[in-house]
(Lines give C-alpha, C1' and ligand atoms only; values in the text may rest on other atoms or scores of the structure.)
Protein backbone atom coordinates (compact mmCIF):
# COMPACT_ATOMS: atom_id res chain seq x y z
CA UNK A 1 0.00 0.00 0.00
CA UNK A 2 2.88 2.40 0.75
CA UNK A 3 4.09 2.14 -2.87
CA UNK A 4 0.62 2.91 -4.18
CA UNK A 5 0.41 5.91 -1.87
CA UNK A 6 3.81 7.19 -2.98
CA UNK A 7 2.93 6.69 -6.66
CA UNK A 8 -0.37 8.53 -6.24
CA UNK A 9 1.29 11.41 -4.37
CA UNK A 10 4.02 11.73 -7.01
CA UNK A 11 1.58 11.86 -9.91
CA UNK A 12 -0.86 14.10 -8.03
CA UNK A 13 1.82 16.59 -7.02
CA UNK A 14 3.26 16.59 -10.56
CA UNK A 15 0.01 18.26 -11.66
CA UNK A 16 0.86 21.36 -9.63
CA UNK A 17 3.28 24.25 -9.76
CA UNK A 18 4.17 26.13 -6.56
CA UNK A 19 3.31 29.83 -6.32
CA UNK A 20 6.95 30.88 -5.81
CA UNK A 21 7.94 29.52 -9.23
CA UNK A 22 5.15 31.49 -10.87
CA UNK A 23 6.11 34.58 -8.88
CA UNK A 24 9.78 34.21 -9.87
CA UNK A 25 8.89 33.96 -13.58
CA UNK A 26 6.68 37.03 -13.18
CA UNK A 27 9.39 39.06 -11.46
CA UNK A 28 12.03 38.04 -14.02
CA UNK A 29 9.79 38.92 -16.95
CA UNK A 30 10.02 35.28 -18.07
CA UNK A 31 7.23 35.01 -20.65
CA UNK A 32 7.59 31.26 -21.18
CA UNK A 33 5.10 30.84 -18.34
CA UNK A 34 1.55 32.00 -19.09
CA UNK A 35 -1.08 32.15 -16.35
CA UNK A 36 -4.66 31.33 -17.36
CA UNK A 37 -7.58 32.35 -15.16
CA UNK A 38 -10.03 29.53 -15.92
CA UNK A 39 -12.88 30.72 -13.71
CA UNK A 40 -16.27 30.61 -15.45
CA UNK A 41 -17.41 33.99 -14.22
CA UNK A 42 -17.72 37.56 -15.56
CA UNK A 43 -15.05 40.09 -14.54
CA UNK A 44 -17.45 41.75 -12.07
CA UNK A 45 -17.81 38.51 -10.13
CA UNK A 46 -14.12 37.65 -10.38
CA UNK A 47 -13.17 41.17 -9.14
CA UNK A 48 -9.40 40.56 -9.21
CA UNK A 49 -7.09 38.18 -11.02
CA UNK A 50 -3.45 37.20 -10.73
CA UNK A 51 -1.32 39.95 -12.28
CA UNK A 52 -0.82 39.36 -15.98
CA UNK A 53 -3.22 36.40 -16.17
CA UNK A 54 -5.22 35.76 -19.32
CA UNK A 55 -8.95 35.16 -18.78
CA UNK A 56 -9.72 31.76 -20.34
CA UNK A 57 -12.91 30.27 -18.84
CA UNK A 58 -12.65 26.47 -18.55
CA UNK A 59 -15.96 26.13 -20.42
CA UNK A 60 -14.45 27.88 -23.47
CA UNK A 61 -10.99 26.32 -23.35
CA UNK A 62 -11.54 23.37 -25.73
CA UNK A 63 -13.06 25.70 -28.35
CA UNK A 64 -10.32 28.33 -27.94
CA UNK A 65 -7.40 25.91 -27.73
CA UNK A 66 -6.12 27.21 -31.09
CA UNK A 67 -5.30 30.57 -29.46
CA UNK A 68 -2.64 28.92 -27.30
CA UNK A 69 1.06 28.67 -28.08
CA UNK A 70 2.66 25.22 -27.82
CA UNK A 71 6.05 26.77 -26.89
CA UNK A 72 4.61 28.16 -23.62
CA UNK A 73 3.99 26.48 -20.28
CA UNK A 74 0.47 27.19 -19.02
CA UNK A 75 -0.49 27.66 -15.38
CA UNK A 76 -4.22 27.42 -14.65
CA UNK A 77 -6.02 28.54 -11.54
CA UNK A 78 -9.54 28.56 -10.13
CA UNK A 79 -10.99 30.23 -7.01
CA UNK A 80 -9.74 27.69 -4.47
CA UNK A 81 -7.83 24.43 -4.29
CA UNK A 82 -11.04 22.64 -3.38
CA UNK A 83 -12.70 23.03 -6.76
CA UNK A 84 -12.31 20.88 -9.86
CA UNK A 85 -12.26 23.54 -12.60
CA UNK A 86 -8.48 23.81 -12.60
CA UNK A 87 -8.21 20.07 -13.19
CA UNK A 88 -10.85 20.18 -15.92
CA UNK A 89 -8.75 22.82 -17.72
CA UNK A 90 -5.52 20.96 -17.03
CA UNK A 91 -6.90 17.76 -18.54
CA UNK A 92 -7.86 19.65 -21.72
CA UNK A 93 -4.40 21.25 -21.97
CA UNK A 94 -2.44 18.04 -21.33
CA UNK A 95 -4.68 16.05 -23.68
CA UNK A 96 -3.86 18.57 -26.42
CA UNK A 97 -0.14 18.14 -25.79
CA UNK A 98 0.45 21.41 -23.94
CA UNK A 99 2.83 21.69 -21.03
CA UNK A 100 0.61 22.78 -18.16
CA UNK A 101 0.22 22.86 -14.40
CA UNK A 102 -2.37 23.86 -11.84
CA UNK A 103 -1.36 26.61 -9.42
CA UNK A 104 -0.99 25.06 -5.96
CA UNK A 105 -3.33 26.81 -3.51
CA UNK A 106 -5.25 28.47 -6.36
CA UNK A 107 -6.27 32.15 -6.25
CA UNK A 108 -7.21 31.86 -2.57
CA UNK A 109 -3.66 30.87 -1.64
CA UNK A 110 -2.14 33.53 -3.90
CA UNK A 111 -4.26 36.26 -2.30
CA UNK A 112 -3.66 34.85 1.18
CA UNK A 113 0.06 35.50 0.63
CA UNK A 114 -0.63 39.02 -0.70
CA UNK A 115 0.96 38.23 -4.06
CA UNK A 116 0.34 40.58 -7.03
CA UNK A 117 -3.19 40.85 -8.38
CA UNK A 118 -4.95 43.31 -10.67
CA UNK A 119 -8.59 44.05 -11.60
CA UNK A 120 -10.14 41.06 -13.40
CA UNK A 121 -10.46 41.31 -17.18
CA UNK B 1 4.51 10.91 -16.97
CA UNK B 2 1.99 12.87 -19.09
CA UNK B 3 -0.08 9.70 -19.62
CA UNK B 4 -0.13 9.01 -15.90
CA UNK B 5 -1.21 12.59 -15.24
CA UNK B 6 -3.98 12.37 -17.82
CA UNK B 7 -5.18 9.02 -16.46
CA UNK B 8 -5.23 10.35 -12.91
CA UNK B 9 -7.10 13.50 -13.95
CA UNK B 10 -9.68 11.48 -15.90
CA UNK B 11 -10.40 9.10 -13.04
CA UNK B 12 -10.32 11.89 -10.44
CA UNK B 13 -12.70 14.10 -12.40
CA UNK B 14 -15.04 11.14 -13.07
CA UNK B 15 -15.74 11.12 -9.31
CA UNK B 16 -17.43 14.51 -9.60
CA UNK B 17 -20.62 15.98 -10.97
CA UNK B 18 -20.79 19.68 -11.86
CA UNK B 19 -23.25 21.91 -10.01
CA UNK B 20 -25.09 22.91 -13.19
CA UNK B 21 -26.13 19.32 -13.86
CA UNK B 22 -27.52 19.00 -10.35
CA UNK B 23 -29.26 22.35 -10.72
CA UNK B 24 -30.78 21.33 -14.08
CA UNK B 25 -32.16 18.08 -12.59
CA UNK B 26 -33.59 20.08 -9.69
CA UNK B 27 -35.26 22.64 -11.98
CA UNK B 28 -36.70 19.93 -14.24
CA UNK B 29 -38.11 17.96 -11.31
CA UNK B 30 -35.91 15.02 -12.38
CA UNK B 31 -36.03 12.72 -9.35
CA UNK B 32 -33.48 10.21 -10.73
CA UNK B 33 -30.82 12.37 -9.06
CA UNK B 34 -30.85 12.37 -5.25
CA UNK B 35 -28.64 14.74 -3.28
CA UNK B 36 -27.23 13.44 0.04
CA UNK B 37 -25.88 15.84 2.64
CA UNK B 38 -23.19 13.66 4.24
CA UNK B 39 -22.00 16.17 6.85
CA UNK B 40 -21.59 14.64 10.30
CA UNK B 41 -23.24 17.51 12.16
CA UNK B 42 -26.59 18.34 13.74
CA UNK B 43 -29.00 20.57 11.81
CA UNK B 44 -28.21 23.55 14.06
CA UNK B 45 -24.55 23.41 13.06
CA UNK B 46 -25.29 22.73 9.41
CA UNK B 47 -27.75 25.70 9.32
CA UNK B 48 -28.65 25.31 5.64
CA UNK B 49 -28.52 22.49 3.12
CA UNK B 50 -28.90 22.20 -0.64
CA UNK B 51 -32.60 22.43 -1.51
CA UNK B 52 -34.20 18.99 -1.44
CA UNK B 53 -31.12 17.20 -0.05
CA UNK B 54 -31.54 14.20 2.25
CA UNK B 55 -29.45 14.32 5.43
CA UNK B 56 -27.31 11.16 5.46
CA UNK B 57 -24.25 11.60 7.71
CA UNK B 58 -21.21 9.77 6.29
CA UNK B 59 -20.74 8.03 9.64
CA UNK B 60 -24.20 6.41 9.33
CA UNK B 61 -24.13 5.67 5.60
CA UNK B 62 -22.86 2.08 5.71
CA UNK B 63 -25.47 1.14 8.33
CA UNK B 64 -28.28 2.92 6.47
CA UNK B 65 -27.32 1.79 2.95
CA UNK B 66 -30.52 -0.33 2.80
CA UNK B 67 -32.59 2.88 2.71
CA UNK B 68 -31.14 3.80 -0.68
CA UNK B 69 -32.65 3.03 -4.06
CA UNK B 70 -30.38 1.37 -6.64
CA UNK B 71 -32.30 2.99 -9.53
CA UNK B 72 -31.22 6.49 -8.40
CA UNK B 73 -27.99 8.39 -8.94
CA UNK B 74 -26.66 9.82 -5.70
CA UNK B 75 -24.82 13.12 -5.35
CA UNK B 76 -22.95 13.59 -2.07
CA UNK B 77 -21.59 16.80 -0.64
CA UNK B 78 -19.67 17.99 2.40
CA UNK B 79 -18.86 21.52 3.66
CA UNK B 80 -16.01 22.26 1.24
CA UNK B 81 -14.03 20.64 -1.55
CA UNK B 82 -11.02 20.41 0.74
CA UNK B 83 -12.48 17.79 3.07
CA UNK B 84 -12.50 14.01 2.64
CA UNK B 85 -16.00 13.17 3.92
CA UNK B 86 -17.58 13.33 0.47
CA UNK B 87 -15.02 10.81 -0.80
CA UNK B 88 -15.57 8.57 2.24
CA UNK B 89 -19.29 8.51 1.39
CA UNK B 90 -18.64 8.08 -2.32
CA UNK B 91 -16.42 5.05 -1.68
CA UNK B 92 -19.18 3.41 0.38
CA UNK B 93 -21.77 4.08 -2.32
CA UNK B 94 -19.63 2.89 -5.25
CA UNK B 95 -18.48 -0.19 -3.29
CA UNK B 96 -22.15 -1.11 -2.78
CA UNK B 97 -22.80 -0.80 -6.51
CA UNK B 98 -24.63 2.53 -6.44
CA UNK B 99 -24.22 5.14 -9.14
CA UNK B 100 -22.82 8.13 -7.30
CA UNK B 101 -20.82 11.34 -7.62
CA UNK B 102 -19.39 14.01 -5.39
CA UNK B 103 -20.66 17.54 -5.99
CA UNK B 104 -17.80 19.61 -7.47
CA UNK B 105 -17.10 22.60 -5.21
CA UNK B 106 -19.18 21.11 -2.37
CA UNK B 107 -21.65 23.21 -0.34
CA UNK B 108 -19.20 26.12 -0.27
CA UNK B 109 -19.22 26.38 -4.06
CA UNK B 110 -22.99 25.94 -4.26
CA UNK B 111 -23.57 28.75 -1.78
CA UNK B 112 -20.90 30.92 -3.42
CA UNK B 113 -23.00 30.81 -6.59
CA UNK B 114 -26.19 31.63 -4.65
CA UNK B 115 -27.87 28.36 -5.74
CA UNK B 116 -31.01 27.16 -3.88
CA UNK B 117 -30.65 26.16 -0.24
CA UNK B 118 -33.14 25.58 2.58
CA UNK B 119 -32.90 25.20 6.36
CA UNK B 120 -30.91 22.07 7.28
CA UNK B 121 -32.93 19.03 8.38
CA UNK C 1 -14.30 2.66 -14.70
CA UNK C 2 -16.01 1.95 -11.35
CA UNK C 3 -13.08 -0.23 -10.25
CA UNK C 4 -10.62 2.50 -11.15
CA UNK C 5 -12.69 5.02 -9.19
CA UNK C 6 -12.87 2.71 -6.15
CA UNK C 7 -9.12 2.02 -6.31
CA UNK C 8 -8.33 5.73 -6.54
CA UNK C 9 -10.67 6.57 -3.65
CA UNK C 10 -9.16 3.82 -1.47
CA UNK C 11 -5.58 4.92 -2.06
CA UNK C 12 -6.46 8.63 -1.80
CA UNK C 13 -8.35 8.19 1.47
CA UNK C 14 -5.55 6.00 2.90
CA UNK C 15 -3.36 9.13 2.83
CA UNK C 16 -5.55 10.76 5.48
CA UNK C 17 -6.26 10.39 9.17
CA UNK C 18 -9.55 11.67 10.62
CA UNK C 19 -9.45 14.44 13.23
CA UNK C 20 -11.22 12.31 15.86
CA UNK C 21 -8.38 9.77 15.87
CA UNK C 22 -5.84 12.54 16.41
CA UNK C 23 -8.03 14.06 19.10
CA UNK C 24 -8.41 10.69 20.87
CA UNK C 25 -4.63 10.13 20.91
CA UNK C 26 -4.19 13.67 22.27
CA UNK C 27 -6.76 13.15 25.03
CA UNK C 28 -5.29 9.76 26.01
CA UNK C 29 -1.75 11.14 26.17
CA UNK C 30 -0.80 8.64 23.43
CA UNK C 31 2.60 9.89 22.27
CA UNK C 32 2.96 7.40 19.42
CA UNK C 33 1.17 9.98 17.25
CA UNK C 34 3.13 13.17 16.54
CA UNK C 35 1.50 16.13 14.80
CA UNK C 36 3.70 18.19 12.47
CA UNK C 37 2.70 21.69 11.42
CA UNK C 38 4.25 21.84 7.94
CA UNK C 39 3.21 25.40 7.07
CA UNK C 40 6.02 27.46 5.57
CA UNK C 41 5.32 30.57 7.61
CA UNK C 42 6.70 32.33 10.69
CA UNK C 43 4.81 31.92 14.00
CA UNK C 44 3.37 35.45 13.71
CA UNK C 45 1.65 34.55 10.44
CA UNK C 46 0.58 31.12 11.64
CA UNK C 47 -0.91 32.67 14.84
CA UNK C 48 -2.18 29.37 16.27
CA UNK C 49 -1.32 25.72 15.79
CA UNK C 50 -2.89 22.42 16.78
CA UNK C 51 -2.19 21.79 20.46
CA UNK C 52 1.10 19.96 20.92
CA UNK C 53 2.11 20.16 17.25
CA UNK C 54 5.77 20.44 16.28
CA UNK C 55 6.59 23.19 13.76
CA UNK C 56 8.31 21.49 10.80
CA UNK C 57 8.02 23.62 7.64
CA UNK C 58 7.64 21.43 4.55
CA UNK C 59 10.55 23.30 2.92
CA UNK C 60 12.88 22.14 5.73
CA UNK C 61 11.53 18.62 6.16
CA UNK C 62 13.93 16.72 3.88
CA UNK C 63 16.93 18.41 5.53
CA UNK C 64 15.59 17.82 9.05
CA UNK C 65 14.35 14.25 8.49
CA UNK C 66 17.05 12.95 10.88
CA UNK C 67 15.24 14.64 13.79
CA UNK C 68 12.27 12.31 13.37
CA UNK C 69 11.68 9.04 15.22
CA UNK C 70 10.85 5.98 13.10
CA UNK C 71 8.79 4.45 15.93
CA UNK C 72 6.25 7.31 15.74
CA UNK C 73 3.34 7.90 13.40
CA UNK C 74 3.41 11.41 11.95
CA UNK C 75 0.34 13.51 11.15
CA UNK C 76 1.00 16.52 8.91
CA UNK C 77 -1.28 19.49 8.33
CA UNK C 78 -1.34 22.68 6.30
CA UNK C 79 -3.73 25.67 6.37
CA UNK C 80 -6.57 24.06 4.40
CA UNK C 81 -7.44 20.84 2.63
CA UNK C 82 -7.17 22.64 -0.70
CA UNK C 83 -3.41 23.15 -0.59
CA UNK C 84 -0.66 20.72 -1.61
CA UNK C 85 1.90 21.32 1.15
CA UNK C 86 0.56 18.51 3.33
CA UNK C 87 0.99 16.09 0.43
CA UNK C 88 4.49 17.40 -0.31
CA UNK C 89 5.44 16.65 3.32
CA UNK C 90 3.64 13.31 3.28
CA UNK C 91 5.54 12.20 0.19
CA UNK C 92 8.85 13.01 1.88
CA UNK C 93 7.88 11.09 5.03
CA UNK C 94 6.56 8.01 3.22
CA UNK C 95 9.55 7.99 0.85
CA UNK C 96 11.83 7.88 3.90
CA UNK C 97 9.91 4.92 5.34
CA UNK C 98 8.00 6.81 8.03
CA UNK C 99 4.43 5.98 8.93
CA UNK C 100 2.53 9.16 8.16
CA UNK C 101 -0.84 10.64 7.31
CA UNK C 102 -2.30 13.99 6.35
CA UNK C 103 -4.91 15.42 8.71
CA UNK C 104 -8.30 15.33 6.95
CA UNK C 105 -9.74 18.84 6.77
CA UNK C 106 -6.39 20.41 7.70
CA UNK C 107 -6.11 23.23 10.25
CA UNK C 108 -9.22 24.91 8.82
CA UNK C 109 -11.37 21.88 9.66
CA UNK C 110 -9.76 21.46 13.09
CA UNK C 111 -10.50 25.08 13.98
CA UNK C 112 -13.97 24.88 12.46
CA UNK C 113 -14.78 22.16 15.01
CA UNK C 114 -13.26 24.22 17.86
CA UNK C 115 -10.68 21.53 18.64
CA UNK C 116 -7.66 22.40 20.86
CA UNK C 117 -5.15 24.92 19.52
CA UNK C 118 -2.35 26.94 21.13
CA UNK C 119 -0.19 29.91 20.07
CA UNK C 120 2.02 28.96 17.11
CA UNK C 121 5.66 28.19 17.87
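Letters are used for the chains, namely A, B and C, taken in the order the chains are written, and counting of residues starts over at 1 for each.
Rule of thumb we're sticking to: contacts are C-beta pairs under 8 Å (C-beta built on N, C-alpha and C of every residue); 3 or more make two chains touch, one makes a residue touch a chain.
For each chain, UniProt lists the protein as follows: A, B, C = Rhodanese-like domain-containing protein.
Because the structure is predicted, anything quoted here is derived from the model rather than measured.
Peer 1: Graph shape for the chains shown, where an edge means the two chains touch. Line, ring, star, complete, or other?
Peer 2: Topology of the interface graph: complete, with all chain pairs in contact.
Peer 1: Over half of interface residue numbers shared between chain A and chain B means same, under half means different, so which is it?
Peer 2: Different: when the shared numbers are divided by all numbers used, the fraction is under half.
Peer 1: What's the rotation, in steps of 5°, that superposes chain B's Cα atoms on chain C?
Peer 2: Chain B sits rotated relative to chain C by 120 degrees.
Peer 1: As a quick test, compute the distance in whole Å between the mean CA positions of chain A and chain B.
Peer 2: Roughly 25 Å, centre to centre.
Peer 1: What are the residue numbers in chain A that touch two or more other chains?
Peer 2: In chain A, 8, 12, 80-82 touch at least two other chains.
Peer 1: Looking at the complex, which residues from chain C come into contact with chain B?
Peer 2: Within the complex, chain C contacts chain B at residues 1-2, 4-6, 8-10, 12-13, 16, 18, 80-82, 104-106, 108-109, 112.
Peer 1: Which stretch or stretches of chain C touch chain A in the complex?
Peer 2: 8, 11-12, 14-15, 79-85, 87-88, 90-91, 94-95
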